[in-house]
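Two complexes follow with chain A in common, the first pairing it with chain B and the second with chain C.
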Partner chain A sequence: MWQLTSIELFKIFKKPRTYISFVAIASIILLVQLALYVDGETYLSFVMQSVNETFSIEGKRLNGYFVCYTILQTLLVHVPLLIALVAGDMLAGEANMGTLRLLASKPISRSGLVLSKFAATTVYTIALLVFMAALSLGLSILLFGTSDLMVFKSDMLLILSQKDVLWRYFGAFGFAMLAMTTVASLAFLLSVFAENSIGPIISTMSIIILFTILTTMDIPLFNSLKPFLFTNHMLNWKGFFEDPVDYREVLKSAGILVAHIVLFLSVVIFVFRKKDILS
Partner chain B sequence: MKTIFLSALLLLQTGLLWAQNEAALIKAVKAKLDKVANYQASGNMSIDAAFIKAPASAITAYYKKPNRFAIKKQDGLNILPKGGVSINLSSLLGGENVTAVSAGTTVLNGAPVRIIKLLPLDDKSDVVLSTLYINEKAQLVQKAQVTTRDNGSYEMDMKYGKYAAWGLPDKVVFTFNTKEYKLPKGIAMEYDKGNSGKPQKPVDRKGTVTINYTGYSINKGVDDKVFGK
Partner chain C sequence: MHMRETLISVNNLVKDFKGLRAVNGLSFTVPQGEVYGFLGQNGAGKSTTIRMLLTLVQPTSGSIQLFGQNLTTERHTILRQVGAVIERPDLYKYLTAYDNLRIMARLSGVKVGQKELMRELERVGLGQRAHSRVKTFSQGMKQRLGIACALIHNPQLIILDEPTNGLDPQGIADIRNLILHLVKNEGKSVFVSSHLLSEIQLIADSMLIIDKGREVAQGRVSELLNPSETIVQLHTTDDAATTQWLQASQWQQHLAPAADGIQLRLHSNRIPLLNRDLVGAGVDVLSLQSRHSLEDYFLSLTTSNQHVAAYQH
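This part shows the complex of A and B:
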């Protein structure tokens, strides 16, 4: 299994498209950091309009923790698209190149093949998020320093003591890995039905965009749908920035995401085992 | 006619006497506070407001005559209600430029107190009206209600302990009015727990800042730099 996963990882990191995600993430993070470094106070005064009427907040408001939170908030919506770029190619790409039939003819079980491909996709997802964490948190702390974190919610401003922040980021990035693995499993699922990687990549993007719109729009009709959308549960990395953390709600979301992963992967294994591979 | 004239004179004299009493009481309280030229106090500050949640933190308060006052946190963010907390008793009682009017007596925390309203004579003063609840026996201001021109109304409740001889409180509860806070959910991008449709509880528009002072360093000098601009 490990040998199969290593081979799949070799294939993933041999493709130039794999590095598009790393370059895209690095570019976005560096641009956001530059923008906030040059004119962060303007952004702050926009989000703090209501607070500024009653309170004056002094100190290092624009610090590394705040910059990282802002980056995560904007970027974690877009990272699924980069995950789909690789995960959607895992089976469909092989089918497109005509190597899937060759692979299936080897003395390895089809389930083992699927699991090794999914394990390699998960490693890629984790690598992407570790890279993102290093840049968005590590570099932001180096550039902006540390202080208390301001978390702007729709109905309140929460201030977290700087001594109480770092562990929350570990929790949030861990949760984000789970959320992005769910996206990977969706792209992987769609990949098993396609003969070309473009289809599953675009389909995954479309599903994520549609569900994200439904998740973020505050309309009563859509609100009743939200508990059933995995994109809503993907946002619960923010649960680590509650005080106190509502672990029940975070675990519920994590459980729903794990259930999605298991369901999607089971369908992939079921379909792939029965599949008549013609290409 | 003679009786009416005498009664009017008596009333006028009584009024003047009361006015002198208020002025004397204010003068006595101020004299106590005037013993403090500067101080540096350490303590703990907590904020309780509907739309802001911040951890209680250790603070240092600085005061220097006549009316310079600052609260600093060692590290992290320093959150204070705009304008109000910087109002201190010395600046409220400030100089000869106020008129004191008696508004009767009442009982506060089990102790009788005199109610005195202070009206600033300066048209440009930010403070429009102050109502002080003074413990006459201890010559200490127990409570102050302040209406300002630009920063709304505030209330200060003070509890005294070992620094009462200097007129410095051990605990100050500062009550202020808050304005509405709302950030669109699309910008906040929050996880929905599925209770969006439920009616929201009415929001309390009052907030409080509680400062518990643990110790004062009185008349030992305070650097002007701590007050900033």
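This part shows the complex of A and C:
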């Protein structure tokens, strides 16, 4: 299994398209950091417009933690596309290249092949998020320093003590890895039905966009659907920035995401084991 | 003369694809240590059969045994001893020839060192291009790399699906020589498909010809292409009844598939005897003519209709 996974990782990281995601993430983060470094106070004044009328907040408001939180809020919506770019290619891309028949005619089980491919996709997903964490948190702390974190909610402003923030980021990034692995498993699932990677990538994004719209719109009919939409649970990384953290809610969402991963992966194995490989 | 061990044994193999029967009751055996040709025109069911031999496609019914073992239950053990190039030699274009070969060796369950990998690449004439990406390769180079990938784990059986497709004359000759070398000098067995009789004729010891998923003929190439045999075209007042009579007579073994009328495969000096038997049985013979040689007959079975029409004109 490890040997198969290492081969899959070798293929992923030798493929130029893999690095599109890393370059895209680095570009966005560096641009946001540059913009906030140059004119962050103006942005902060705009964001705090309503708060400033009532409160006077002293201290280093524009710090690494705040910058990282701002980046995460913006970027985590777009990362699924970058994940789908690789996950959607895992089986459909091989079918398109004609290499799937090479793999499936080797003395390895089809289930083992699927699991190793998914393991490699998960490693890629984790690597992408570690890279994102290093840039958005590590570099932001280096550039902007640390201080208390202001978190703007719809009805309140939460200020978290500087000493009480770093572990929350570890939790949030850990949760984001799980959420993005769910996206990867969805793209992987769609990949087993396709013979080129464009279909699974676009389908994954379409499903996420549709579910996100249903999640964010406050309409009674949609509200009843929300508990069943994995996109609703994907956003619960924000739960780590509540005070106190509602662990029950965070764990429930994590459990639902894990259940989705297991379900999607089981379907892939079931379908792939029975599939006639004609590509 | 000693009996050769059976390497592939296929029994009543059937494959249906959504209402289309691609392979229809195919049975054949392939002996060890020879080149076995698998001939049929495009769409005859060759690739589907090969995919079933490699577990890429699941048969609708029938059984396959390789090395005397059931392919379904002993898949891993069997596939370790099989190397294959299926249709186009598609490989990872963004990887080098060396990396492709190394990956294929590991997937085949063998650990191969750098020296062995380079030796294999040199054997197929790609030693100088070992570290070039496959996307820069010509069709012929890809084909040779595909064959290197099929051979890297030293398999006993090599399955090649249309290995000369898209190659220039020199490339075709190289592949042909490599196949003969593998069988004669390394004791391998090669199962090779083609839609060209001329190709199979040059390298195969035995062959199976299929059309529309069914067997048309099988046997030793030298016997099947016996120049003293001919195809006799027969037309009578009632072809269906005549066919029934022939099937029940000594001529049954000479009946050959025909698109129109009745065809028999037999030595030319037996034609008068056939005629006497037909008349004696009360068959009204409208015409009985020796149409063409066996080679022409097989060509007509393994070439597209348009091609045959053009050839006849």
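The criterion applied here is as follows: the second predicted complex is superposed on the first by the 276 of 279 C-alpha atoms of A that agree within 3 Å, B and C clash if a C-alpha of one lies under 4 Å from a C-alpha of the other, contacts with A are read in each partner's own complex, and residues count from 1 in each chain.
As a working rule, a contact is a pair of C-beta atoms (placed from the backbone, for glycine too) under 8 Å apart; a residue touches a chain by one contact, two chains touch by 3 or more.
Bear in mind that the values here come from a model prediction, so they are computed numbers and not experimental data.
J.: Once chain A from each complex is brought into register, does chain C clash with chain B or fit beside it?
T.: fit
J.: Could you say whether A:Ile108 touches chain B, chain C, both of them, or neither, answering first, second, both or neither?
T.: Once the two structures are laid over each other on A, A:Ile108 reaches chain C alone.
J.: Return first, second, both or neither, reflecting whether A:Glu249 touches chain B, chain C, both chains, or no partner chain.
T.: first
J.: Looking at chain A, does chain B or chain C touch a larger number of its residues?
T.: It is B that touches the greater number of chain A residues.
J.: For A:Asp148, using the defined touch cut-off, is the partner it touches chain B, chain C, both, or neither? Pick first, second, both or neither.
T.: first
J.: Does chain B (first) or chain C (second) touch A:Phe170, or do both, or does neither?
T.: Neither partner.
J.: Looking at the overlay, does A:Tyr19 come into contact with chain B only (first), chain C only (second), both, or neither?
T.: neither
J.: Between the centres of chain B and chain C, viewed from chain A's Cα centre, what angle do you get? Round it to the nearest 10 degrees, please.
T.: An angle of 180 degrees, rounded.
J.: Where does A:Phe270 make contact in the superposed view: on chain B (first), on chain C (second), on both, or on neither?
T.: neither
J.: Touch check for A:Tyr37: first (chain B), second (chain C), both, or neither?
T.: neither
J.: For the superposed model, what is the least distance in angstrom between any CA atom of chain B and any CA atom of chain C?
T.: Least C-alpha distance: 40 Å.
J.: Considering only the defined contacts, which chain C positions touch chain A in the complex?
T.: The contact residues of chain C facing chain A are 17, 51, 54-58, 75-80, 82, 84, 86-88, 90-95, 99, 103-104, 106-109, 149.
J.: Which bits of chain A are touching chain C when the two form their complex?
T.: Those residues of chain A that touch chain C are 3-4, 7, 10-11, 14-16, 97-99, 101-109, 274, 276-278.
J.: Where on chain B does chain A make contact in their complex?
T.: 49-55, 57, 73, 75-82, 176, 178-194, 196-197, 200, 207
J.: Can you check the complex and tell me which residues of chain A touch chain B?
T.: Where chain A meets chain B, its residues are 47, 50-51, 53-61, 73, 77, 147-148, 150, 152-162, 164, 215-218, 220, 223-224, 226-227, 232-233, 235-236, 238-239, 243, 249, 253.
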